[in-house]
Amino acid sequence: MATGATPETGAGTADTVSASVVGASGFTGGELLRLLAGHPRFAVAQATSREYANRTVGSVHPNLRHLDVRFVSPDEIEPVDVLFAAMPHGASMERIEEFRDLAGTVVDLSADFRLDDATKYDEWYDGHTAPEHLDDAVYALPERHRDELPGADIVASGGCNATATILGLGPLADADLLDGADVVVDVKVGSSEGGAGGGEAGSHPERSGVVRPYAPTGHRHEAEIEQELGLSVSFTAHAVDMVRGASATAHVFPEDLPTKGDLWTAFRGAYEDEPFVRLVAGGGGVYRYPEPKAVAATNHAEVGFELDERNDRLVVFSAIDNMMKGSAGQAVHAANVALGFEETAGLDFQGLHPVGAP
Amino acid sequence: MTACPECGADVALHDDLEVGEIVDCSTCGTELEVTDVNPPVLERAPELDEDWGE
Amino acid sequence: MATGATPETGAGTADTVSASVVGASGFTGGELLRLLAGHPRFAVAQATSREYANRTVGSVHPNLRHLDVRFVSPDEIEPVDVLFAAMPHGASMERIEEFRDLAGTVVDLSADFRLDDATKYDEWYDGHTAPEHLDDAVYALPERHRDELPGADIVASGGCNATATILGLGPLADADLLDGADVVVDVKVGSSEGGAGGGEAGSHPERSGVVRPYAPTGHRHEAEIEQELGLSVSFTAHAVDMVRGASATAHVFPEDLPTKGDLWTAFRGAYEDEPFVRLVAGGGGVYRYPEPKAVAATNHAEVGFELDERNDRLVVFSAIDNMMKGSAGQAVHAANVALGFEETAGLDFQGLHPVGAP
Amino acid sequence: MATGATPETGAGTADTVSASVVGASGFTGGELLRLLAGHPRFAVAQATSREYANRTVGSVHPNLRHLDVRFVSPDEIEPVDVLFAAMPHGASMERIEEFRDLAGTVVDLSADFRLDDATKYDEWYDGHTAPEHLDDAVYALPERHRDELPGADIVASGGCNATATILGLGPLADADLLDGADVVVDVKVGSSEGGAGGGEAGSHPERSGVVRPYAPTGHRHEAEIEQELGLSVSFTAHAVDMVRGASATAHVFPEDLPTKGDLWTAFRGAYEDEPFVRLVAGGGGVYRYPEPKAVAATNHAEVGFELDERNDRLVVFSAIDNMMKGSAGQAVHAANVALGFEETAGLDFQGLHPVGAP
Amino acid sequence: MATGATPETGAGTADTVSASVVGASGFTGGELLRLLAGHPRFAVAQATSREYANRTVGSVHPNLRHLDVRFVSPDEIEPVDVLFAAMPHGASMERIEEFRDLAGTVVDLSADFRLDDATKYDEWYDGHTAPEHLDDAVYALPERHRDELPGADIVASGGCNATATILGLGPLADADLLDGADVVVDVKVGSSEGGAGGGEAGSHPERSGVVRPYAPTGHRHEAEIEQELGLSVSFTAHAVDMVRGASATAHVFPEDLPTKGDLWTAFRGAYEDEPFVRLVAGGGGVYRYPEPKAVAATNHAEVGFELDERNDRLVVFSAIDNMMKGSAGQAVHAANVALGFEETAGLDFQGLHPVGAP
Amino acid sequence: MTACPECGADVALHDDLEVGEIVDCSTCGTELEVTDVNPPVLERAPELDEDWGE
């Protein structure tokens, strides 16, 4: 059906496949451009923006000033091997038919193809206009869907808060340690989560220095988390003063409190061989538990935990860069898996120390 | 004085109230729409922007 | 027993009482000096520092450059009406005998006199060396102990995280809405909580931009909270990138979920007449729930809540400035009550807008 | 001409005068409301906003939640003793006729009445529509115009960057130490200078962490500075990551390098008796030269200097809070002088330590 | 003399050379480790720390948790191809004899070998203990010393503020546009410039939110700048609230003001083919002039300028990441040139957008 | 290829250029208005917002 080339035969050399980004003037779109331009197997074909058409991508993303690419209008998008869509939710479902005609693989960063059932869109979003495509989509997170990704038609990159939460709780859910557990997830996120633009609440004077409850209850990511973990969680998100980063603290009250040994077994089993997950639980020095700045600019997640025997509680911490593991990095990682590339290709940046609030 | 439908506190209203005007409750901050004026009736204003910081 | 003057007859004019600050080179000590110097009923007598003895207080606290006060060594402390102690915990209990001889009223900002039972100090701290004074101490928070404060010998100012938590949950505990409830308290705090000095983890490069779990479990403030609310909570604290401020999010799973009406009744009943507590729950604009920067530099607490019916959960938010309501402000407020002064005397600053990360 | 009451007979008690704020939903307007509400001699009459008419002022300014004042439309403004205008430049000149009819004293925070000659508005702004009122205006800065302020019809509050610069260089200009000098002024300012609202460049992700040249040359405040000091300066402004604050570093190459003694004589002579200027030049500790956070939330300016004999240069530092000494605080200070009130009335807040980036 | 291997034959594979870092627990040392570990031609041999000997490098630098390297004591350092020294100034000169015996190439990040004449060390530092080695050192900045670097025995990496300044003014000096000019350089820097550790002034509460003059006059980098440009400058540095980054604004008063065309000719001529310098001068969008966050985490410098005809002034802006172009990146870049590697090897990270205060 | 009127660098232009379109110079970033197309002529675009951060 797709007229785009098959993987491995792209616009670039014999070894590269072509990739275009729709919504490339946005935050995740810019990050995709950066990753694709530095990727050994992708060649950037087109980058769309309605507002900045004809300008260089560097005029919006100052770190891309070296790229000789100008934005085109989304109407001018051409056949391509892989099409990355990074638009606000609701926009991808409208154009999915066209996108699939243009490209063999569509990687979507919005919520439009994350849930597997149209009724969930009725419950959590404003419904779905192309539910027939939901079955062709795979939730991107390779740590959980590595086997389903190769050859996927639609790759649905996860939500950033959901990603942090799922990575933290997944190994426990898989080890049946969460059966019947009450779970609170208290999240702290940076301002890039809101995307480019932003109104008064997102202006520097109002947004600086906040610890601001912005989604006290009913956050839509609860739907993804429940789907991926088979577990409902009580979710609350706070905006804090950083640009990149999401940190999730899960407070878990299991029916039976596991031992530290059980926990290490579960987490090490799940993540020992994962290229992008690091266990950080205790130890010495300044960085003893997961924190966003330790993974800033990388595709890594840090995951850690602590037992609270006094309160029969288990606390699980996870931290990611929402622009990377929480969106563009996850999308490229999943595309690597989907297309049979080296998993870590284009994602090898190891992060910074010291680093402020990136 | 009319009671706030959210928190029950009294909301002081000005004289030339018009239907459709938005005021906020000074106790709980809820945005209230004036749906009738004589006597004044207040209802929660529709949420303008749910995920305002997301 | 105390040789200090009785209230109302101080070092200053007929209308003022004298006050000295032990530990005045520290963060809460400096804040106390600022508040006392601007207070209509207090006259600052002495301010101690071992490290900066003989220097002006302005050499450490640049906002106090106008004060003509020099630090003295703690050994030189003289009789005074009210003695404020702002030393690390453990130090006040060592000197309490002496302090009580010097002053009619001792206001202590450390944890040394907050718990009512020596065994609690064995459990949570390193024991207590002057347990016989515990009975003479009143926990400072006027919203909960207004009636016991007048004439108190020792006023024990509450911990900052505990204060935020107690103010958020107190009205629900009093209304029996927390009986049998599971309660998680997830706190975010600024760097001034650590006091002046600070090692590598508190250096600007390492401490900037963090969301750092610093007390994942077993935080000592659990003891105060349990004592004040009759309720055990599961507490976790995170350092975030601000200097002043503490924000507590309590996730409560009550046996029966109250209605919004029940909640408003409880909170309005508790706080309607409180000069230093504001209810902020929903509404429009940028500031819809409690957040620390809305109360920065003030003695106010903001308290708010939201119902999460999907998860049978109640979320309670509270925010304070840890230097004010969380320590020095609370101490002065309680001293006002203890000495029969106007409650809000010296505490009328209303905060700033806009304000960054104060 | 004005129908407003004369000073000293206001809307409040016999001792207070009434004051209204036009543009009260903005940053300086909100700060004016805060100062006037806490001022012993002013009673707030009205506060205008087109966008938020009928809402409480607390819905926009969370620190003013205790005030029982709702915004009115600017069309509903009524006669008042003192009218403070805090609108973008260009708007006050359009309405000055009306404002003077409404109030005996108009205090304007925009640039509209700062320059004394219409031709300067042609050169630096887009001309002036009410030049006949320029002669009735006094530039507010009391440190330089204390004698002209009493009874002034229009008080023109200075620009924030100009204020910092003028306070730093004024004493040198007066002592003839700047005759023939080359002067560079390099300014660093916070985001509140841009006012409420703000577009993409002012969004938190784009504005955080910047050292951004925003006015490399040709800044309009050069006009004010030249008028006030009789000296032309080369001015460049940078946005830095704070909300409140302006810091000016003047690099001065005088014809003859003064001695430190000359400098102290000039600065102490000028500022010894000034209630709102502090000299900070060297010394020990952390705070050795002027810096904005040492004066945050106050009406103080810090001024200091250093000699660079190797380069025949004199460096003058000055720091203010742009919301206070740089706008609303200066306006209230000047109004105090204009109306014969205690100079420091309503402006006694002494600032904070520690404090982050307020 | 050196027992280390010659370039191109290292400890790793045939294609790699071995490299050790002395002072690897520090900020620039950690950055060197990161760059060397990701470099195609270097293999990390040893990393020293006195304080953390035997710990993993990841225990100090959380971004290096994946590296299987433990600190050794500086006494245990072994022969190696290239030795990078990242110690406080004064320490390298003490050990230079030993270092040169150990390694064919010594790359020093301190100031110890930057100046070409021992008398300059007498004037600006505390003298020099190994002046006989000064002649063997080449100032690292490849944009100015590319031809002298190949085969250099000692590569002396430039100071961060000096680097920013030299890159901004170099093309003008070379084009004789600065002859007889008065030049002010006003610098703003992040907290990582102070290195790891840091006392009270560098603690988060005191260092946050500052615009703090920390080197008002007499900054030692004036010496390097003068040596490299043949031009004396008046230098002042301010600490601002970021961790990484240095921004220099040079205010230049040339004898004859050049035209914009002259300037573009000079700057394009100098930098058109430079891999690590970008010209950013005007244009649209948010990023119109150089700013540190646009180059954060990269080895790039941004350079730009503006003409101020009203004041016969030329303003030159430059921005770098002090951890990269200002130290470790520059050192690796110069080592690449010295050893005949691809210039950009290991330095290809392109930076981030959005990014906060990294 | 047309020279940038600001910095002199070549500006690569796309085919279906229209008068009034705005492009930016990839060397100096200046916003340029296409004032003629055959051959293409570029002029500095009028400054949209001088004090963009003020």
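Observations on the structure shown:
By written order: A, B, C, D, E and F. Residues from 1 in each chain.
As a working rule, contacts are C-beta pairs under 8 Å (C-beta built on N, C-alpha and C of every residue); 3 or more make two chains touch, one makes a residue touch a chain.
Everything quoted here is computed from the prediction, not taken from an experiment.
The chain with its C-alpha centre at the largest distance from the centre of chain A is D. Of the two chain pairs examined here, C-E and E-F, it is C-E that is joined by more C-beta pairs in contact. The best fit of Cα atoms from chain A onto chain E calls for a rotation angle of 180°, in steps of 5. Using mean Cα coordinates as chain centres, the one most removed from chain E is B. Between the CA-based centres of chain D and chain E the separation comes to 40 Å, rounded to the whole angstrom. Separating the centre of chain C from that of chain F, both taken as means of CA atoms, is a distance of 60 Å.
Listed for chain D are residues 27, 55, 59, 65, 191-192, 194, 196, 200-202, 205, 207-209, 212, 241-243, 286, 354-358, each touching two or more other chains. Along chain B, residues 24, 29, 52 each make contact with two or more other chains. By the touch criterion given at the top, residues 12, 14, 21-24, 26, 29 of chain B touch chain D in their complex. By the touch criterion stated above, chain E contacts chain F in their complex at residues 260-261, 264-265, 268, 279-286, 288. If you check the complex, the residues on chain A that touch chain C are 182, 184, 186, 188, 200-201, 205-206, 208-213, 216-218, 222, 232-234, 236, 238, 240-242, 245, 247, 249, 251, 253, 286, 288-293, 306-308, 310-311, 313, 315, 317, 319, 354-358.
If you check the complex, the residues on chain E that touch chain A are 27, 30-31, 34, 37-38, 59-66, 190-192, 196, 242-244, 278, 280, 283-287, 294, 296-298, 323, 348-358.
Residues of chain D touching chain A in their complex: 27, 191-192, 194, 196-198, 200, 202-205, 207-209, 241, 243, 356-357.
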